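Comments concern the structure below.
In order of appearance the chains are A, B, C, D, E and F, and numbering begins at 1 in each one.
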Amino acid sequence: MKKINFDKVFSFILVSLLGLFIMKVLYSVAGEEAARFTADHYISYGVDETGAINIITAILFDYRAFDTLGEATVIFTAASVVALLLPRHEASMLKTEFTPVVQQSIAFILPFLWIISIFLISYGHLSPGGGFSGGVIISAMSILIIFTYGYRYMTRRFNVKKLSLIEDIGALAFLTIGLAGIIAGGTFLANSQVGIYPGPPGELLSGGLMPLSNFAVAAKVGTGLSVIFLSLARED
Amino acid sequence: MQLTVLILIVLFCAAISFYRLLSGPHVLDRIAAINAIGIMLLTVLVILGSLYGRALFIDVALVYGVLLFVDVLVMAKYFGSPDKSEEGNQ
Amino acid sequence: MKVKEILSLSLILFIFWLGLTASLEPQELIVGAVISLFAAYFSTQVLLGRGMSWGEGFPPTFRGVLFTFYYFPIYLWYEIKAHLQVIYIILHPRLPMKPGIVKVPTDLDSNYRITGLANSITMTPGTLTVDIDEEEALLYIHWIEVEARDPYEIREALAVPFEKYLRRIHE
Amino acid sequence: MIIQDILAGFLMISGVIFFLTTAIALLRFPDFFSRMHAASKCLVGGGISIIFGLIIQEGISPLSLRLLLLIIFLLITTPVVGHALTRSAYQYGYLGEMVQDDMKDMKTGNDSND
Amino acid sequence: MHLPILLILIPLFTVFSLGLFAFFSKKYIIPLVFTSSLASTAIIFYFIFNRETRLPFSYNLGSWQPDLAINILVDHYTLVIFAAMGLMILLSVIYSLTEITRNKAKFYLLLNVLFVGIAGMVMTADLFNFYVFFEITSISSYALVAYNDKDISLEAAFKYLMLGTVSAVFLLLAIILTYMATGTLNMVLIPERLGNLPVLTRQILIAFYLIGLGVKFAIVPLHTWLPDAYVGVPITYNVLSSALIIKTQFFVLMRILYILFGLNFLQDNMITTILLVWGIFSMLFGHAAAFQQNNLKRLLGYSTIAQMGYVIIAFSLGTPAGIVAGSFHMVNHGIMKGAVFFAAGNLHKAAGSYQLNKMQGLADIMPKTSLIFVLLLLSMVGIPPLSGFASKWLILEAALEAGYLLPGFMIILGSFLSLGYYLSIIINIYTGEKDLSKKSSARAVGLKINEILPAAALTAVCIILGLYPAILTGLIDRAPEFLLEQLNYINIIIGG
Amino acid sequence: MILVFPAIAILISMGIYAVLTQKNMIRIIIGISIVESAIILLLGAISYIPDGVAPILDQPYDTVVDPLPQALGLTAVVINASTTAIMLALVIKLYNRYQTLDIHEIRKLRG
């Protein structure tokens, strides 16, 4: 005999209603076709104003850099919280071992991953990528090391404390870059608007302080995600 | 034009492989299907890059390849330990 | 020795950087040189310890590099040849195959060369390295069409074509 | 110029055939190991053929340099993935039909050691 | 002038450098945190004292023109939260000096992240930036709930996290929809563009904003996380949660509703009426649920839900008097509830538990703390010479003035309900059976000065406010100008 | 563009349905992740403009897609990832304490 679960039926009705409402509001809002003047401004004048070809990086690190600062704070907090909640050897996973074939191949790949990540970071204002993608590649490297050589191997080289230290330094560097705007006579996080060398668009050294803040954010994101991962994945 | 057809065929292959992702009797089958689909989509990205003549798609494809590689390796390691699922159920 | 290793690795990385950026402007070259030195130092000395890194047989000799280029077309030929075989099996209505795992002894000594061999074998269709035994230098290979039962014949068929080149690459 | 086009077209078509065979193999093959044969090599063969075709079409340019890097990257990573996956499957005991299994001895030997 | 951004930067700098300090020497943690909170308080009081000359204040981040990038705004309505922040930041840090024994660096890190989030949420004039600060606040709240590592706190943290994340999704959805409709995220530019949307769409948008923020300020059907989360956490979090976090979420919701959608729209479409009824329901439910509790912290949690009901009622009246009354109650309740929690934490030192039946006869052991506690509880009920009376009287007056008789009656009914359960606590503390064995162990617990000071100071504020409510009303009397009249708010950046 | 909206609505509904009805904590987290992905999908969808190119302007283009939602999406992804990490940490902690992933079971065990 199968009993009807009223909770499930009720949730289903609720959820379908919600879906209908969302559809309704989406269609009605999309029908309006508002003028996106902010985006238009970014597209038309962004390259000249900031010196960065990649408009998304220009938005993330110049127009709306304050958001990025907040986001960096979120990752920072999350990394600290995860390290706080899972302090000692508690969880167990990663029971199998990889063969030397995999280990040797990873050793072969790692230096190239470094180059790729630093390429992404330093070309953040010219090509897709930037601090976040570069940081993700850096954290992917630490994931690879943990998975192929083991948790202990990683912690002998970089434990949570050292990584947090690098993260702190990255975050402070980003704050300092923001303060440079104040020193130059503008407001916080001012970059190209206060005349910090924007450079010719398309060159590596352009976009004012943008490459620097990319590096700071990459250090933060990479080490932050590594800390999160180190804390979540432990071996007995 | 030819490149568009190429993209469509590759996407069709990915769709066929998707069947293995849905039905695969074992989790490793699904991982293999994910790997296959991932590389096919990577190829699509590359073709797109050539189609528009912009190098940025290649960068994206490179990063996508790296992340796919890490993903599949991690999954292979995690699901590789014998009788993992049965331990969890008990 | 150590310095030589780092320098040669950073040269390779610098070439990689050139490929990525595809430009010869001085600022990008300088940045690339600095970064490749840093990456080479960091990944061989800090991230990876002894035995894990680019190991013995490194830096390669000039002949080794030449052989790498010589090896590539041969490898490609093997690959194409065997691809056709697999396509035949796949498209054949009855899937004529006799899969099995066979044991292949090899006389390559270094970890590095064994890895090269294993990856080469994996990349040629019809064979797939499943596991390796380091101590006895054994490769366990899944073969889609087991043609031979005798270990010597198996070795002749699978490993020897690659072994003789791999041995010369890292001398 | 015509040779270039023909070569590129040939490579791309063969790449597509590789991809198609990969997909069909994933669909048809009875056990995991034979599927992995297709999913690790025909797959990368297809990818490389298509990318190589694009390089030939493109000529020497920044784009094709990066494409070359991508090919090398695929050549290095795919066998590693295939190897890791099959080894996991073997440890899991997820085996298909086989005419011969030399690895059985090794596994039991390892287990008794533990 | 970079003062408002410093209010965010100082705690942020503390957050980032705490790790550095903790890595090298743990000695400097406390001085650093103390200095930074002192500096934040000083900035807030600077704004409070110079409000006529310096406000409204706008700050364009990145030196961009105002409509391109993120702006920070400080107006008279912001002072409502500033008043609570100015008192709470320093006192909570002082109280936590002895309460927190393990992982000090991490605790102060989270606390400062919380301050960053609150300051950012209050001041920002950009919707997505608001979402980012909302998440910063939420994440540190989740972590502080789980901080004590007890079973109940972990479970409550998971529950809170689930509800909070789903609500954040709705908030983000609402923000994206607003962007789709208007093409900008700047709260100053949105109002004129949002007016073109169909009415039903705007109503659904309001519903999404309400769900998104309602979980955080514990409006009744979405309140379930709050009582659980209050039980197993440090007192400091209790204080900050009921005095600042919940208030801030409600504060921002009101700003979004009144500025983005406008008073006329809200009143034409019955939204203020719905909010009013909802507030009454929330209040009655909170009081009724508080009756059944036997854990002091849980009871105070339900009481917070009920008191938020009063605030919702006052704000949804839609008149300047209602806004002033609601703001007054927001600040005042923050002060009272904070003090109650501080005092309860002190009582806990003697009783060893928050269960009400274990607190019997505590008045003999801790006469001064018990006196403070009782004074505060009476103030919460609204007994005349104390500040609780003033705020309830203001709300009642505003409700009657606006012609709402039923809500006025409900407020009085609610006060009587709360008198019921608070009286039982008082009787419990003063006349309960005296357990001698407990007393001897309790005497050993001497209270340090930093534990007494916050409760005593806040009680003093409470009494002063009860005698001279004009101190606070004088501070916030211009808040309605910047909430009810959209143009004033918009002109801060665009026009004047 | 118009066709993406039903998918978004269905994904959000599915995720919230999972959150409401599932007992397993991991499944609840998966439900929340589905909802968050739907939001990211929405961000991608609204940035789309027919015939627009990616906003990397190495030369002048006629139509460029809206860059702002993509930047917002990047921020939202990072925030979601952080929240998910904290959730997983809490689940590991709870699992170690109660040896179960069932949320009702945990409530019962605590009493």
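In the analysis below, contacts are C-beta pairs under 8 Å (C-beta built on N, C-alpha and C of every residue); 3 or more make two chains touch, one makes a residue touch a chain.
This structure is a prediction, so every number in the text was calculated from the model and none was measured.
Visitor: Mind listing the chains that sit against chain B and also against chain E?
Guide: Output, common partners of chain B and chain E: A, F.
Visitor: Return the chain whose centre of C-alpha atoms lies at maximal distance from the corresponding centre of chain F.
Guide: Looking at centroid distances, C is the chain farthest away.
Visitor: Which chain is most remote from chain E in terms of Cα centres?
Guide: Here the answer is chain C, farthest from chain E.
Visitor: Check B-F against B-D and say which one is joined by more contacting C-beta pairs.
Guide: It is B-D, judged by the count of C-beta pairs in contact.
Visitor: Could you work out how far the Cα centre of chain A sits from that of chain D, in whole Å?
Guide: The mean C-alpha positions of chain A and chain D differ by 31 Å.
Visitor: Between chain A and chain B, what is the separation of their C-alpha centroids in Å?
Guide: That pair's centroid distance is 23 Å.
Visitor: Where in chain E do residues touch at least two different other chains?
Guide: 128, 132, 135, 139, 142-143, 146, 173, 180, 185
Visitor: For chain B, write out the residues touching at least two other chains, lowest number first.
Guide: Expected reply: 55-56, 59, 62, 66, 73, 77, 80-81.
Visitor: For chain C, what residues touch not just one other chain but two or more?
Guide: Residues 16, 20, 22, 118-119, 129, 131.
Visitor: Can you list the residues on chain E that touch chain A in the complex?
Guide: 2, 5, 9, 12-13, 15-17, 19-20, 23, 59-64, 67-70, 103, 106, 109-110, 113, 116, 120, 128-129, 132-133, 135-136, 139-140, 142-143, 146-147, 173, 177, 180-186, 193, 196-198, 200-201, 204-205, 207
Visitor: Mind listing the chain A positions that touch chain B in their complex?
Guide: Those residues of chain A that touch chain B are 93-96, 98, 102, 113, 116, 120, 127-129, 133, 136-137, 140, 143-144, 147-148.
Visitor: Can you list the chain A residues touching chain C in their complex?
Guide: Touch list, chain A to chain C: 99-101, 103-105, 107-108, 110-112, 114-116, 118-119, 122-123, 141, 145, 149, 153, 157, 203-205.
Visitor: Which residues, counting only chain B, touch chain D once they are in their complex?
Guide: 2, 6, 9-10, 13-14, 16-17, 19-20, 26, 28-29, 31-33, 35-36, 39-40, 42-43, 46-47, 49-50, 53, 55, 58-59, 61-62, 65-66, 69, 72-73, 76-77, 79-83
Visitor: Quick one: in the complex, what on chain F touches chain B?
Guide: That would be residues 53-54, 56, 58 of chain F.
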